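Both complexes below contain subunit A, partnered by subunit B and then by subunit C.
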Partner chain A sequence: MVRDAFAFYHPIVNIVYFTAVIGYAMFFLHPILLGISFLCAAVYALLLKGKKAFLFGLVFMLPLLLFTAAMNPLFNHQGSTILSYLPNGNPVTWESVLYGVAAAGMLVTVIAWFVCFNAVITSDKMVYLFGRAMPALSLVLSLALRFVPRLIAQAKVINKTQKGMGQKNNPIKTLSILVTWALENAIETADTMKARGYGLPGRTAFSLFTFRRRDGYAIAFISFCAVIVFIGAAVGSLRFRYFPTVQYHPASAVSVLTCIAYLMLCAFPIIMNMKEALHWKYSVSTV
Partner chain B sequence: MEIFRIDGLTFTYPTREIPALYDINLTVNRGDFVVLCGPSGCGKTTLLRHLKPTAAPYGKKSGNILFEGTQLESLSAYNAAAKIGFVRQSCENQIVTDKVWHELAFGLESLGLNSSVIRLRVAEMAYFFGIHTWFYQNVSELSGGQKQILALASIMAMQPDVLVLDEPTAQLDPIAAGELLSALGAIHQKLGVTVIMTEHRLEEAFPLATRVVALDGGRVIADGKPREVGLRLREQNMGMFSAMPTPMRVWAACCAENDGDCPVTVREGTAWLARKMADEGISSKQCEPALRTRINAPALTLHDIWFRYGKNLPDILKGISFTVHYGEITAILGGNGSGKTTVLSVAAEIYKQQRGKVIADKKVYMLPQDPQATFIGKTVSEDLRLIKSCPQEYSRVISLCRLDGFLDCHPYDLSGGEQQRAALAKLLLAQPEILLLDEPTKGLDAEYKRVFAGILRELADAGAAIVLVSHDIEFCAEYADRCVLFFDGGMLAENDTRGFFGGNYFYTTSANRMARTLLPHAVTVNDIIRALGGDAP
Partner chain C sequence: MKISLLCFAIFFIFTLTGCGNKPYETDEGFSVTFSIRVDNLVEGMHMLDKDKHELIPDDGFIFPARQTAAHEGESVFDLLQRVTRENRIHMAARFTPVIGDAYVEAIGNLYAYDAGPLSGWKYIVNGVIPHISASSYTVQAGDDIVWAYTLDLGRDLGMEDGAW
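Here is the complex of A and B:
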């Protein structure tokens, strides 16, 4: 994976950011907001996954987008501008076509955000974030992440072994011995945990993450933008209605401000990456 | 200053009548490096487990164990966890979490240290053990050797006063085992930590040890510096002498009672051998052993085998061709990742090669590295009866593999060596004539290796073709008829055993390394002993 400046922020910054952008992406159907969110998600995914993986994703996304956009007018007949009629007599309306495009855009945007989410929030960040809420849970997660792959690997080993010994595959016996194996090993692991002081009072939770000042600034910035967007949306400056006729709130100072805040919010990781790239270029040129 | 004092420790397991430990009196001083040795079942592991309160076995116990002057039972849970580090055999089971860094921190989290202290200690240990290069990895991506180093490092992060290790290298290949032992040497030398360990690789452990304690039948039979213990064991003519380092064995077989110092390392052994040969006027020509020349029908032929695990993965086998004959034990040697295990799996048709041909005369049977994976029954006898055979055959195989006492046990309750025997028995019931064995001597002690080799030889003499993949150079040198060296998915050398080891420089037995300039064809301990005119056991 490409080095991503945003991924180096504290996991709390990451999770706050993704909660905000994914949350908003699921609610806004306003074409400008959708466009901002979609563009940012796509560019960020491109940065994270590289060109090849991005193009590969696009091959799946485009048909999904077209399909969803095309399906809506076939089943949704609201709206007042009739374009034509379907063979069964139902109308195809201009509004439902627009709405279909918007809904498809939203679906693809949310998927793109989740692609970014998966790349940034790795399993150890997830474990850490859970651990903030419940320390015991984070250890259980860590144990499980270690144990499940081992169990699967052992099942394969047993099957191969039986084959090598000229035995037929015996799924019931294999499962039974696998359970025994898991219990045996769990006991020894539990012993090791005890030997290393597990169960002593006052256990702490260590993590590699430290909350630095810039993490605080980042959270402040993200929250600030998110609040402006929220207020802007709450006062109705970005109302957009599809049915029965397309109607929207005319552009105003508030709506422009809200859009800018939304752009700043969604593009935050991209801005950080650009800043780092420029910074790097600049510092290299001085060497 | 004494760190452990054991007074009159006698211990009996429940359901057993004979004590596992009998009147043990032992004092371990601060800064000692103690190696406990003895045959399987001599009580060395039982003794070791008594030193760690959470690992102590259940049973009837009398006598006292003092740790730094306090009764071990009254030691606080915090001190028991922090001051006595305990490392086990299994590299898999003693790793708790999924990330390397989290594993290093686990014990420190339990002790309730704050993040900045943990950060420092984890970093220190990562540097000391060279873990910093794989610090962020998942545990599942590590090799066995790395896992064991990680287990050791995560104990060391807790800064224990004493490190107790139960055969830490049993599951490792020789290179990884050497690395682990030298890490232990560094811990002992540079950090001054007291080390108490059981080990069957005495060849490498002896030079590190400041003290060796030999146990047999639950009693201490020798205790002292490695040389002194060697001397004492020779006087008692113990069977476990076969586990001692090569120079000591040669010395013991060829020397009169008080013939100078007993050599422990290869370097000392070479010096001693040169002196001895000069004194007695033995010329190097006297060691010209006969070669075994026997050519039987081919049992298994691999022809130009190419194999890789996935479409985009690198080739593991690159055009391997070789033939295995009936009545012969063939050993495949080579480093990790050289394709040894893979070639067996392809020959046994567990994997299908992408190119090339496997021509097997009869069905090929393969015993994997981990004997545990062969068992699917609830008891040993149930497991064996999954293979159809006649009653005479059952009893023959059971006695051949010495399983009489274990038939009603769960296979997982057997010790490593016993599991290996039970797995072999299961394989033998199918009356295989072509056997492939993957690392069959891993975790076996010197005594049982001899027994195991006897079983293999018996099978080969009865006409079976046996192929074993092994890291155990000494074992292959002693018992194989032919050796093959693998490197990077190809075959580098193939020769009869003597020619093979006689020509190698590093990849050879310690007997050969010790005697190579003096007795060029000596490969095993017995070769040297015979050349010196002694009685080979």
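Here is the complex of A and C:
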């Protein structure tokens, strides 16, 4: 992972940010808000994961986007503008095409946000955040989030060992060894956690985070933007209706302000990264 | 993988080709009276989804009563599908391919349940609600066919009940 300025903020800042951003991404179908959220998620994922994110987007997200967008008009026949007819006589409408694109965009945006989420909120942060309030759940979550990558890594190790021992590549055997290892490992983990007093009061977390002044500022900024967006949406300045005819609230001062607040909210980590990069560049040039 | 692809393809073909527009072999046209009414909704507008208010014409007719050509063996559903398509009126139906059945979900973007849990489309032939699927009711020469939006399972249409 690339050094990310936002990941160095206190975990509470991270979780507040992702809750707000993913929560809004799941509810807004307004094209402008979708565009803002999608752009920020994509840029941030690229910043965090580089080439890997780009490939993921190209191989997985783009087909998903196209597929979902194309499926909607085949099954959703609402809308007043009839473009053509399906073989069974149901209409294909312009509104359903638009809605399909918007819904597909929303799906891809939320997935992209979760890519960022997984890169920033590591399992130690998860346990730190929720270890006191709900020890069992946070442990299960952090184990579950780590489960697949860990199994894949261990499968590679087993394969290499088998090869080193002169054995042929046998997937069934690998799986058998993998399952044995996973079971044993689970018991050992549980024992270790218990031995170290997981969930007992007064216990510290693996990583120590201190809440600094800048974390307070960051939370204040994120909450401020989130509240403005919430009010703007609640007032209805960003109403966008797809069916039966496309209709939206005309642009007003409130809606523009809401869009700007949403942009500031979504782009917060990107701005922080840019600030950091500039800071470094500036410091180097003055030496 | 292959089997799932095949299943998907079959499902896809079935959904898309549920009930095609078959050409009529014996094209002995006759005429029927045909109309699409929403006059219940003109009065019951408060029941209707707010987004759909603009869809209700003031006179309550999406398609005013008119002499319309029908074909031998055409069902009430076929007639509706043909007329709405010729007149660029929105109409969406759900098909059950195995038994060749069609259920009219929406006409003119007014969907069933848009005005309460008992609302939807009904058809009336010569003042009687037949209560059988529109796709299995064959039209006869001189029939007076009305598609009407009901707010109360057809009880508010003031028609004779033909089923029970």
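The rule is simple: the second predicted complex is superposed on the first by the 208 of 287 C-alpha atoms of A that agree within 3 Å, B and C clash if a C-alpha of one lies under 4 Å from a C-alpha of the other, contacts with A are read in each partner's own complex, and residues count from 1 in each chain.
Operating definition for what follows: a contact is a pair of C-beta atoms (placed from the backbone, for glycine too) under 8 Å apart; a residue touches a chain by one contact, two chains touch by 3 or more.
Quantities reported herein were computed from a predicted structural model and do not represent experimental measurements.
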{"item": "Contacts of A:89 with subunit B and subunit C, given as first, second, both or neither", "value": "second"}
{"item": "First (subunit B), second (subunit C), both or neither touched by A:157", "value": "first"}
{"item": "Touched partner set for A:74, first subunit B, second subunit C, both or neither", "value": "second"}
{"item": "Dominant toucher of subunit A (residue count), subunit B or subunit C", "value": "B"}
{"item": "Subunit B versus subunit C as contact partner of A:200, first or second or both or neither", "value": "first"}
{"item": "Subunit B versus subunit C as contact partner of A:243, first or second or both or neither", "value": "second"}
{"item": "Partner subunit A, residues of subunit B touching it in the complex", "value": "52, 54-55, 77-78, 81-82, 86, 88, 90, 92-99, 101-102, 105-115, 118-119, 122, 139-140, 154-155, 158, 345, 348-350, 363, 365-368, 370, 372-378, 386-387, 410, 412, 426-427, 430, 432, 436"}
{"item": "Subunit B-touching residues of subunit A, taken from the complex the two chains share", "value": "123-124, 139, 142-143, 145-146, 149-150, 154, 157-158, 160-167, 170, 173-174, 176-177, 180-181, 184-185, 188-189, 191-208, 210"}
{"item": "In the complex with subunit A, residue positions of subunit C that touch it", "value": "15-21, 51-52, 54-55, 81, 85, 88, 90-93, 95, 105-106, 109, 111"}
{"item": "Touching residues on subunit A, where the partner in the complex is subunit C", "value": "74-75, 77-80, 82, 85-91, 93, 241, 243-245"}
